[in-house]
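Look at the two complexes coming up: subunit A is in both, with subunit B in one and subunit C in the other.
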Partner chain A sequence: MRPAPDTGGTLPAPDRGRPGLGPTAPGTPPGPETGPESGGVKRAAPGTRPPRRPSDGLGRAIARLVAWRAAFAAPLLLAVTAGMFALAKASPFDPVRQYLGDRAVVTDPVVAERIRANWGLDRPVLEQYATWLGNLLRGDLGDSRSLHLPVGQVIAERLPWTLLATSAAIVLMLAGSLVAGTVAARRRGSLLDRLITGGALANEAAPVFWLGLLAISVFSVRLGWLPAGGLTDAASATVEFGDLAAHMVLPVTVLAVSQSSWLVLYVRESVVGVLREDFVTGARARGLRERTVLVRHALRSALLPFLTLLGARIPELVTGAILVETVFSWPGVASASVQAALAVDFPLLAALTLLGTLAVVGGNLLADIAYTIADPRVRTLGVG
Partner chain B sequence: MRLARRLAALFVTSGLLAGACSAPSAGPAAPSDGTFVIGLGSEFDTLSPVMGYAPDGGSLIYEGLMSRGTDLSLTPAVAAAPPTVSADGLTVSFTLRDGLRFHDGRPVTGADVEYTYEAVLDGANNSPIRGDYAAIEKVDAPDPRTVVFTLAHPYAPLAQRATLGIVPAGDPLTGDRPVGSGPYRFVSRTPGDKIVLEANRDYRTGPPALARLVLAFAEDDNVRATRMSAGEFDAAILPPKAAARFEGQPGVTVHKVPSADYRGIMFPLGRPVTGDRTVRRALGLAVDRQAMVDVVLAGAGAPAFGPVSPDTTWHNPAVTGAPAGDPEAARRLLQEGGWIPGEDGVRVKDGVRAAFTLMYPAGDSLRKELALAVASDARAIGVDVRLAGLDWDAIEPRMSTDALIMGYGSPYDPDYVNYELFHSSYARRGFFNPGGYDDPEVDRLLETGRRSGDPAVRRQAYLDFQKIVHDEEVWTYLVFLKHVYVVRGAYEGVRPGVDAHEHATGGLFRDIHTWKPAA
Partner chain C sequence: MRAAAAALAALGLAVLLVPPLAQLDQQLVDLRSAGLPPSLAHPLGTDQVGRDVLLRSVYGLRVSFLVGLVAASASMVVGGLVGLAAGSLGGMPDRLLMRLVDGFTSVPHLLLGIFIVALFAPSPVAVVVSVGVTHWTTAARIVRSEVLSLRSRPFVEAAISGGASRSRVVRRHLLPHLAPHLLLAAVLMVPHAVWHETALSFLGLGLPPHLASLGNMINDGQRSLLAGDWWSSLVPGLFILVPTLALGVLAQHWRDRLTPRLRSELSL
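Here is the complex of A and B:
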């Protein structure tokens, strides 16, 4: 019954716990796994328990899902940190020189060597990695070399700003995409539809940082309506709501717009598909108002794949946040990761990469849980 | 890259300001609520003096045992009087001012001073400035008002080093909640954006007139200039070209403050061409330093002939030359030295072409332009200078074989950096003396200057030292930079001095707590 939108074939769908594929592995076959006939689901859930009623299965299904994902996350995080460690080692930048900054050329070589030894940079690579991993397991993230603060503190100070900006962007992106996609589907083929579809395609091709610079150029420099960056005005000592809101407009809008193209196109295709379904024809035949048909019947039904899609978009949201925070001098964790990478600040970079990976895994998990709750077929047939 | 960016930001030069010539009717002048916003180019790595925040004073939040006036003279701050030094020069004692308190109300005691210096000296703390305090063997606080430094060897500049800000004993070294005893107390910090300070009403010389300071960071020079002209900043550090638009604006003053911050050519002395004193001296004669100041620095600079700034009392007036260069004399010198022009115009001696490679950090446009100017001046006297713009990580291993455009310079004490740059014990180690300069007489003079307790003996040692490195042309010095500051509004008490290489709040804003809006 679920529509198979034309764009569905190109969209990654979350993996349902098959070993060997990361939750966000590109090229994961879409479609089958989200339907009742999924072969992958059977492999993931080889249990032979008797069928249950849907309501009994919900808690168990979610628990299974979480357990599978958690089991996956451990080796995934290990692989990600090992890869990043190898890249940091291969970096041409010397962490000690970056740490010393301007003072690198006036620092006694003896002092620089002592710092290198204190950080264990003179130890074999595997030993350095093992040490870092051991500290991590004990909950010690280490100290950021570039910011001269404990990594935990850096994240605690910056994460709220990132969460604020990205969650506002997600809300805006969802609302905007739903409206634009539905309108385009309803007026399929009209000038408006072409405008929305064409705009979405063009937007998909535009790099995020370019959009950000364009927005600054137009709204801050030329028109002077909005501040170009930062959290608050330079002269303000405290964070006040109005000031903060003004500074949020551009970064949040740019982030939302840059991530919305796929969603707009997806919603449009979904709704277009659902509008052809029998039950919509039936609803119309019963004389329901067009608006009711569109919102209560068509859109609702078209929303299920939307949830899946949202989970799969988290990695791009993370990437987008990095660029947007950098362009708009937003003091969040994403801009800190750029700084950490340039300074070869391994402790901070490692923690932020872990955080990003967890965001992706967690985002997918949430999307799948939402899907499990929303679609009884997944619950009963897929995991039960 | 951060390093490269910041080195580029260093040539941001600067100036000053304040007493504006007209009423503050033009543009927003000092805000009535007393908030004064300073636009700075690079963010502080840390706010902990132990980890290298403003050890030479000017931190605003902290105060050291001694503080430095704009004329570079030392006055007691946390200390009650200048230190007493034992006859052998190995024991230096300070008596602390009575009744001094940190911003949080704790008294400033000898234990705090001891904690601060010992934290710097503890190798486990990774303090980047530890090498500057290597002469100190131990610090003791026999009672709350006395601090005794025991030195490994006599070290005359110790009082100059005592500008290091004192932190309360036991405070963490992260500097994220900085507590000091200086004229401003810390309010908040938004990483990557700004730091807010407010006047310390209990400051020992009275509360500062500017009640609230905001140090805003904007790395891009043009962004800083734009925000300055939009009235968002009350003062900013700008490069000379970006500051040009403020010249002559009513209510705004542009000040160009001399500095000891020089740029020059560091030669690899063990190589056939750059190891020949005749070639180095000819190059020193040939370069047109005045053109570099006028064109590359847009006028914000001065020709340099030695490592000591002519604006300080340590300068040897005999170390000088023709600002516009003397290519004819340079050619004569080469000719007499046996360097004869070859077919391609490049001179040759004993089959060796007068050619060498000159490196510069690729991200630093000032050094790049200076290198280009050097190459063109050298060409005119038959010396072939090939340029190589490289990253620091590529430059370091090549410093003993290729020349490099380098910058150092401190106005405080001639021992600073010069000892490391010219003493043979640092030969071929790190960035200091990669060319391997080794002259027993210079070693002796530098040691005398470092150890002697007699100012007249020190002065003579450094005068002789400057003469030798000038005659030997160990470096070819090119220019001293001027730092350009732009200030909006009229203030009393703005006194430009001589800046050091590092000058964020250590330059013109060093004593901003004494500024007062003009009536």
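Here is the complex of A and C:
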């Protein structure tokens, strides 16, 4: 093993008993176990290509990755839409009856049938599916039955708020977990370490909506420091930066904290592992400062696999966003999916489920691209 | 470790013994004692219609745990069978099944759960189906990877070269070795399933509102939280947190016992 931390050092064993995380498989790429060696699906024997310099394969490696993922994502999204339609077909729920509400009892069945025909619900389910899919490809997502707005408009209005809150939460989660995990690893076995580890384990067990209510109870009701929910004060008609920031603190922090347990434990575990490696001992022997050893050598090489893990956590992030947005009445797409579900608003719910799946697929792709850029071995060896 | 076992035992006893022995009716609405803070008569206060929070939490734990147990078992059976088939058949069936697993994991769990529950009226069955559909993939992955590692072990190869049929290899060699891992995965899946049920109920999409589930209680208590009644929503949450944490600690020890190699590596 070369003691060369500046090329990324060694991969730490990523699966060495991550505590408390349950039996989730980390970062399983949907591609085949043995990655495509050249140009897509066909596998060439390893080592037949002349070795290249790491830099000139990057663009090609990323293009190959994107193409491979797109080839997986297209049938997946198609299957998701088909599954949603099959479920809707099997459901005992009747949208026309719901639309009419109390009037359903007194409405002429002819009128009800006309509404049904108007919505295209009387045609065979395959035909309905084909129509919906065709509209989707043209960018028309249909109309939300509960909000009486085009679904595209609902998403366009709400998506920025979700992206704002979740990206702020991701940044906060990364920064906080890196610091907490490294500190715990550095002072392994100390009271501080036990506090951080124990806190992370307890946090893992706490439902995120409970954390949100706890935060509201403490910081809004008891202390009165921060607003309990919403995007702005009820009185204000415009979105002011200071007001928005105050309303963001609680949801963003709760989302970040609820997602951070695994990361804190993971960072701690891998830094503990890396601190035992030869190159760290070497760096210490060369008389480098402890902080340099920790940040430039240990942390840097401990973090590679975590890019993939981060991608694999996107579903949890979506789940967290749904609950946090609901608790704090944050007007994003995630809370809209709950409202759509409560109102059994199929067009909106289907579009949002598809959006969630797209976020997962896209997040995994981004994580893999980041990994390809970060680790030169991935692109030279062609491990997809 | 001991504290975790004790906490689990205490909660288990409470869930089993309190309902038959209770003096108070958990559904009893008493508006004169609505929203009372914790006191001697009501150790953890009352909710906004005067029901005892501690008593109702125990009932809620019972309901949530039952639903979670059924849902976890269902997903273990489905996932276990898929994983066993994928691992022991190999080749094309394996690849197809694992792509199916990948596909299911690509849809965020809660979103899929919400979708299913929304279309089929809130009921225990819908919740169980929604948890089962979203959780079987974990079991499938664990079982498949265990089967793959078992298949290359000498005793399995010896059995195959000795002429054992595929079903005999599965029954006599694979399943006995899989059993402890399956059981561990099942134990860890129960809190997951409880969490899922609670989240759905909290959103108003899970169990019917009159059932004392932990999620329903947190959802009910949410409204009086802003008035300062923290106990009616935060106490039921503790009944999710404590058993989950205790079970996690115990499962960790169990996992360490199952894989002694891991233990020795960690304690270096």
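A few points about this structure:
As a convention for this text, the second predicted complex is superposed on the first by the 305 of 384 C-alpha atoms of A that agree within 3 Å, B and C clash if a C-alpha of one lies under 4 Å from a C-alpha of the other, contacts with A are read in each partner's own complex, and residues count from 1 in each chain.
Assume a residue touches a chain if its C-beta (ideal position, glycine included) is under 8 Å from a C-beta of that chain, and two chains touch if they have at least 3 such contacts.
Values in this document were obtained by computation on a predicted structure and should not be read as measured data.
Of the two partner chains placed by superposition, only subunit C is touched by A:T353; subunit B is not. Of the two partner chains placed by superposition, only subunit B is touched by A:H148; subunit C is not. In the superposition on chain A, contact is made by A:P207 with subunit C only, not with subunit B. Of the two partner chains, neither subunit B nor subunit C is touched by A:D140. Shared-chain residue A:I216: touches subunit C; no touch with subunit B.
By the touch criterion defined above, A:V318 lies against subunit C but remains apart from subunit B after alignment on the C-alpha atoms of chain A. Of the two partner chains placed around the shared chain by superposition, subunit B and subunit C are both touched by A:F93.
Within the superposed three-chain model, A:V80 lies in touch with subunit C and out of touch with subunit B [touch as defined at top].
Between subunit B and subunit C, more residues of subunit A are touched by C.
When the two structures are aligned on the shared chain, A:D193 is found in touch with neither subunit B nor subunit C.
Subunit A residues 92-93, 342 lie at the interface with subunit B in one structure and with subunit C in the other.
Residues 16-17, 19-20, 22-25, 28, 30, 32, 72, 76, 79-80, 84, 87-88, 90-93, 201-202, 204-207, 209-210, 213-214, 216-217, 220-222, 228, 276, 314-315, 318-319, 322-323, 326-327, 337-338, 340-342, 344, 346, 349-350, 352-353, 356-357, 359-361 of subunit A are the ones touching subunit C in the complex.
Of all residues in subunit A, only 92-94, 97-112, 114-115, 118-119, 146-150, 153, 157-158, 230-235, 237-238, 329, 331, 335-336, 339, 342-343 touch subunit B in the complex they form.
For subunit C in complex with subunit A, the residues that touch the partner chain are 95, 99, 102-103, 105-112, 114-121, 138, 141-142, 145, 184-185, 188, 191-192, 195, 198-199, 202-205, 218, 221-222, 225-226, 228, 230, 233-234, 237, 240-242, 244-245, 248-249, 252, 255-256, 262, 265-266, 268. Subunit B contributes residues 1-3, 6-7, 10, 31, 35, 37, 39, 45-46, 48, 51-52, 123-124, 126, 128-131, 134, 174-176, 187-188, 190-194, 196, 212, 214, 216, 227, 232-233, 391-393, 406, 408, 417, 420, 429-432, 501-502 to its touches with subunit A in the complex.
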